[in-house]
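One chain, chain A, appears in both complexes that follow, with chain B as partner in the first and chain C in the second.
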Partner chain A sequence: MQTANLFIVLLVLSAVAYYMARGRSVALAQPLGGIRHLHSLPFFYGMRAAIWCALPSMALLAVWLLFHEHIISTLLLDGLPEAQKPTSAAEHNLLLNSIENIASGALSAETSAPHLVAAADVLKDLRGTARNLVTAVVLSLAVIGMGWGWVKVSPKLRARQQVERVFRGLLLACACVAIFTTVGILLSVLFESLRFFQAVPATEFLFGTEWSPQMAIRSDQVGSSGSFGAIPLFVGTLLISFIAMLVAVPVGLMSAVYLAEYASPRVRGLAKPALEVLAGIPTVVYGFFAALTVAPFLRKAGEGVGLEVSSESALAAGLVMGVMIIPFISSLADDVINAVPQSLRDGSLGLGATRSETIKKVIFPAALPGIVGGVLLAVSRAIGETMIVVMAAGLAAKLTANPLETVTTVTVQIVTLLVGDQEFDSPKTLAAFALGLMLFVVTLVLNFIALRVVKKYREQYD
Partner chain B sequence: MTNVPEPLLKRGVTAMDNVQYPDQAVGEPFANDHKMSLRNVNVFYGDKQAIFDVNIDIARNEVIAMIGPSGCGKSTLLRSINRMNDTVEGCVVSGELTLDGEDIYTTKMDPVALRARVGMVFQKPNPFPKTIYDNVAYGPRLHGLASRRAELDEIVETSLTRAGLWNEVKDRLDQPGTGLSGGQQQRLCIARAIAISPEMILMDEPCSSLDPIATAKIEELIAELSQNYTIAIVTHSMQQAARVSHRTAYFHLGHLIEVNETEKVFTAPEHELTEAYITGRFG
Partner chain C sequence: MTDLKNGSVKQANLNLSRTEIIERSLAKRYRAEKRFRCYGIMAIVFGLMCVALLFTDIISKGYKAFAQTYIQLEVTYDANILGITDLNDPQQVALGDFQGIVKQALKNRFEGVSGRKAKRELYGVISNGAGYRLRDRLVANHQLLNQSETLWLVADDDIDTYYKSMGSDAGPFVGRMSEQRQGWIEQLTEADEVELRFNRNFFVQGDSREPELAGIRGAAMGSLFTLIITILLSFPIGVAAAVYLEEFAPRNRWTDLIEVNINNLAAVPSIIFGLLGLAIFINFFHVPRSVPLVGGLVLTLMTLPTIIISSRAAIKAVPPSIREAAIGVGASPMQVVLHHVLPLAMPGMMTGAIIGMAQALGETAPLLMIGMVAFIVDVPGGFTDPSTVLPVQIFLWADSPERAFMEKTSAAIMVLLAFLIVMNTLAVILRKKMERRW
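Let's turn to the complex of A and B:
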């Protein structure tokens, strides 16, 4: 039976198991005087049987799916005559591939070597037997589980506890998915970075001030070694993030104060969703807004006052990124300010403080940790932001603090290193992983601090 | 008990709704030397009227207790006296409220200045998340009452001493006020209120979240403070009203029913609603 069909049959079987065990528990309860004499509700008896039916059989199926390729190929190769056994790993793969192709009909059996055709037949045989065997074992396991679930139903059985334990396990497994994904990504980035650091010393990467990742493909090409100093990239990233925060923090905070403390409910009802629309604009739209509208405008304005503004300037990218982050900060700060108890406002107003004095001296200090947390989260967003800087900040890795010049960021360089045809073992490509790792570490640290600060704030009023 | 009609007793609470409210509160709502005077005061929350035609005087240096069942409008009236209701959306106050003969609801009166003169202590202790010192110094700093640090220190010490808290906190003025116990927090709030030398203090159920010992301390404090301040206290506890106040005002569903010497209210109430309330037939 095909795996998909087998899976459907298992589902049907466990549904049957559910209804049978449920029915039996109700029937057993009848002479005792109703289901309240059962230890658990009938649902749990049904669920218990369904779990017994589905879980072991599906686990077995999963194990089989994970390992069957390996088992079958081992069996196949063992069956080959001694002379035809592969001697190296490459030969091994080649042989398996050709047998596989003949078996699936991709290679014509008439033009192939006879011993390969024979092996292909063996492979087909092995597959067929294995499938039948697995179907039989899995189905009988399901039926046994179903029977076990049905037989064990009794008023004293603690079915609810057992079912709940299984569900708790399921919940845990779901929670683990996110964690393992993170760990997996981190490890893969880490290993690629280690390969990069074998080619380029870590000190050069961390403290070098020149970034030009062009590597020659052949040794006779000019400029055969690139330089991988990441300092200009991080300076560019920090410069743009700094400009962005310069825009976003004051505007975001003030709009949050207005919305939380001064706005009438009607204005609030209109302004808050409008502000949140900003957060819904795709960053690529911000990107071309920055590149096509803001940058030329800055250039013209610069010419007007006699300043030379590069057409791809840090200022343009930073300003637009700041606008993008405004709703992020304002909605976080708004939440934090609203969380300050009304009783503190009353206390301050009752002492003859004006509204602005109350905001400055009571609400702001009380909300400060939360606001700081929000700002740090926003900073890590700014550092990781890619699309706007790709479109508006430029590619030249200049080490400068002048916002009117073109700079590049870590994220931009990762994108340019990986687009197009690349070798996956040259330092040029691997550098992207090292940059990604650095970025990951920086934002992780920022998020960690931010969450700690926010948590500390929460404890204050609970 | 004798002057309550027999059927009323049997029918209990709902029957009380049929009782006529007096046009004018019975007893002695007016005083000669009044600090605060309320005439024809009505308070609305949107379409809902919370206070109906209240006329009452609060005499200088007296403690007046406002009692009545939940939702009778006593807190609303208290919050109208220092215009804390201004911050409530849709709240409208009409009528004449005067503090030392000055109308407090004219445009000339700045609610901020008014609240500096009429302090308030709230139901739940609400110290700011600052140090004990900064909590008390908050008001004086705001209003520039001290020009030098030493003056401020003195104000803080006097206020804490008056609030009966000085001995307990003098060694930890730099600790957060939120770390004190509930009763201490409430006394800190009282110290904070008297630090700006108000003329009148409004207390909105100041002991409702405190244990009996802390409550006793606050009540003692109220008795002491009444030598210098005019105090209006809203309370749910009739025993408390009887212990701390000179006069007691009884409110019922937004109407002022009776105002009298506290002793008289609790021993010989003039109005049947007052009697029904203090004998515990509803509340």
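Let's turn to the complex of A and C:
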């Protein structure tokens, strides 16, 4: 049976289980004098049976779905004659692929080698048998669960406690998805990075100043040994992020200050949402804007004053990224400025300070940890920003601090290395994961410090 | 000095009292105050100008894409050119040279065009897609065979760009257009045989290499399927996690670990989630590439922190008195949550979910990693059909060299922004309407 159909059948079965067990509990209660003689409400007896019916069978189905490819291909390869068993990982994948293609009809059976055609038939057989077997096992498990749920119904059964325990377990499992995600990220970038560092020493990656990941196909071609020094990427990333911060921090901070301290409620009510529109615009739109409007404009402006501005300059990407980050900084700063107790303001104003003096000498120092935290979060966002730089910054890894030249960033390189055809053995692809690891670690550290700083500050006034 | 009001100047110079020092510095301080205030206004104005600039830039670049240039031609369904003898034979119809009758029609309209190069230019005036339209018409109405009819056909993208820019101050955009072609367009314009019409193709077609045939339907459907997966997974999981953390979690290390993880995931760059999807979902679990299923899974993980955080805030806002009252009449903790807290917190949670979905709809980077960046012509029909999504389509078009694609890109951005504005407005309305003061 198809997985989707099987799933629907399971749902129907559990609904049946629910109604049957519920009905039985009501029927059992009747001679005793009504459902108040039951330990739990009939709903819980029904739910208990439905859980017994659905949970084990669906768990089994999920496990099967996750691992069936693995199991079937292992069985298939075990069944092959000794001479045709693959010796290397690459050969292994190739063999599986060609068998798969023959089985699905993408490769014609007539033109393929006979042992592959035979293997394809075995594969089809295996798949058919496996599907039937799994359907049978899952369905019988569901029916057994249903029966168990029905049989066990009795006025003494503590159904509510059992059902609630399962619910609580499910809630906990959902909460743990966050942990699994982090672990998944770590595992995926870590494993591939380790493989990368086997091919390229970590010191060369971290301190090398030459980045040209294009590996030639044959070893005697020019540039056959790609070089993986990531310093130019780090410098490029920092340069663009720095330009972005140069725009975003003053504008974001000043607008937050104005909105929080000066603006009338009406102005605030209009300007704040209007600024937040900037936060809702997808990054790909900013990228388009940077590449097709800002970059050509800067180039022309540069020509006007006799400056050579690259059409993929760091300046264009940085400026637009700064605009993107303005609402981020302004809303974080707004929060911390508003969190400064009114008494501090009143005290300062009462001593005769002007508003700007109050802001500069009292509110800023009080809000500083929060602002620093916000800026750190914004930096981590700028470093990890992808689409703007992919569209507006270049690919050439130049080691320069000149904002008018083309630079490239970590995220641009990850995208370039991973989009398109990939083979998972070449250092070129693995380099993307090493860069991903760097990015993850740096942003994690920044976020961690930022959240720490913000949290510590909050404790002062609460 | 002049702002000293009473007392002689001399005396002030000799012996300044504290009040006087302050008074003397007042002007300067007020100036500083004004300056500071000005900076604030400038910052706000700068921000608002960026918003205005962005929107006007996109709209001015893209509004023309909603119209398309059509050219009027008299087409003859000549059975000889088509090579069709029997219209009921699907193979013959499929192989019929419909582009040939378009060429013939163009030759008839502009007589005296000779030479291979000139002819090729002439045939390029009408889009390659015109043949399919003629075929559909002929299949729908068999009587048309060997008959003539006058039709408006979609023009090529170069013609389209040229014709749309004819009225502009800078003069028409010539680009690749030869003088001969420009002459033809002038002839057609004078004869009123070329006009702009609503660009229906843009909304009903999939992607295409020909700008005049490219549409956003495929990408929009891809986005829809991806978002369905995302909301189906992330909303229940996010709400369940929030309920656990707010209502049941014991204060211990494990709970702290979960919270730290959620906060950190909210700030992890989105591209990292793409790497996760590539390594775990595609390479390890063998989920097919480029399909809405895997896109939805990745976006689920990405939006979960947003949904969890906003759901927790919504649950926190439900006053403890409600819980206590429910417990007081004998509800179990689970019943308190399911019967009382969740229904009351639902509007807040839905607001958070809509904002999370808006974020997922605009996300591009992680989807590039999992192969949703392929060139796909067909409109996807399900969760496991290869597809792309709106933002990725924008990215792909923005990279295309044809000038006409720039217009399409801006138009696609307008459509995407329209969706986002609708979603965010919905969230705001929901919050305003359902907000409850306890």
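The definition used in the following text is that the second predicted complex is superposed on the first by the 288 of 462 C-alpha atoms of A that agree within 3 Å, B and C clash if a C-alpha of one lies under 4 Å from a C-alpha of the other, contacts with A are read in each partner's own complex, and residues count from 1 in each chain.
Keep this in mind: a contact is a pair of C-beta atoms (placed from the backbone, for glycine too) under 8 Å apart; a residue touches a chain by one contact, two chains touch by 3 or more.
Computed from a predicted model, the values in this text were never measured in an experiment.
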item: Partner chain(s) touched by A:Ala83 [first = chain B, second = chain C, both, neither]; value: neither
item: Of chain B and chain C, the chain that contacts the larger number of chain A residues; value: C
item: Touched partner set for A:Phe433, first chain B, second chain C, both or neither; value: second
item: Touching partner for A:Ala366 - first (chain B), second (chain C), both, neither; value: first
item: Which of chain B and chain C A:Ile179 touches, first, second, both or neither; value: second
item: Partner chain(s) touched by A:Pro265 [first = chain B, second = chain C, both, neither]; value: first
item: Touched partner set for A:Val284, first chain B, second chain C, both or neither; value: second
item: First, second, both or neither for A:Ser343, with chain B first and chain C second; value: first
item: Which of chain B and chain C A:Glu357 touches, first, second, both or neither; value: both
item: Overlap of chain C and chain B interfaces on chain A (superposed complexes); value: 352, 354, 357
item: Chain A-touching residues of chain B, taken from the complex the two chains share; value: 82, 84, 87, 89, 112-117, 119-120, 122, 124, 126-130, 138-139, 142-143, 178, 189, 192-193, 196
item: Chain A residues within the chain B interface of the complex; value: 264-265, 341, 343-354, 357, 361-362, 365-366, 460
item: Interfacial residue positions of chain C with respect to chain A in the complex; value: 22, 29-30, 32-33, 35-37, 39-44, 46-48, 50-51, 54, 57-58, 61, 236-238, 240-241, 243-245, 248-249, 257-258, 261-265, 267-276, 278-280, 283, 285-286, 301, 304-305, 308, 332-334, 358, 361-365, 368-369, 373, 391-392, 394-395, 398-399, 406, 409-410, 413, 416-417, 420, 424
item: Chain C-facing residues of chain A, complex; value: 66, 69, 160, 163-164, 167-168, 170-172, 174-179, 181-182, 184-185, 187-189, 191-192, 250-255, 257-259, 262, 271, 274-275, 277-278, 280-285, 287-289, 291-293, 323, 326-327, 330, 352, 354-357, 359-360, 377, 380-381, 383-387, 390-391, 411, 414-415, 418-419, 424, 432-433, 436, 439-440, 443-444, 447-448, 450-451
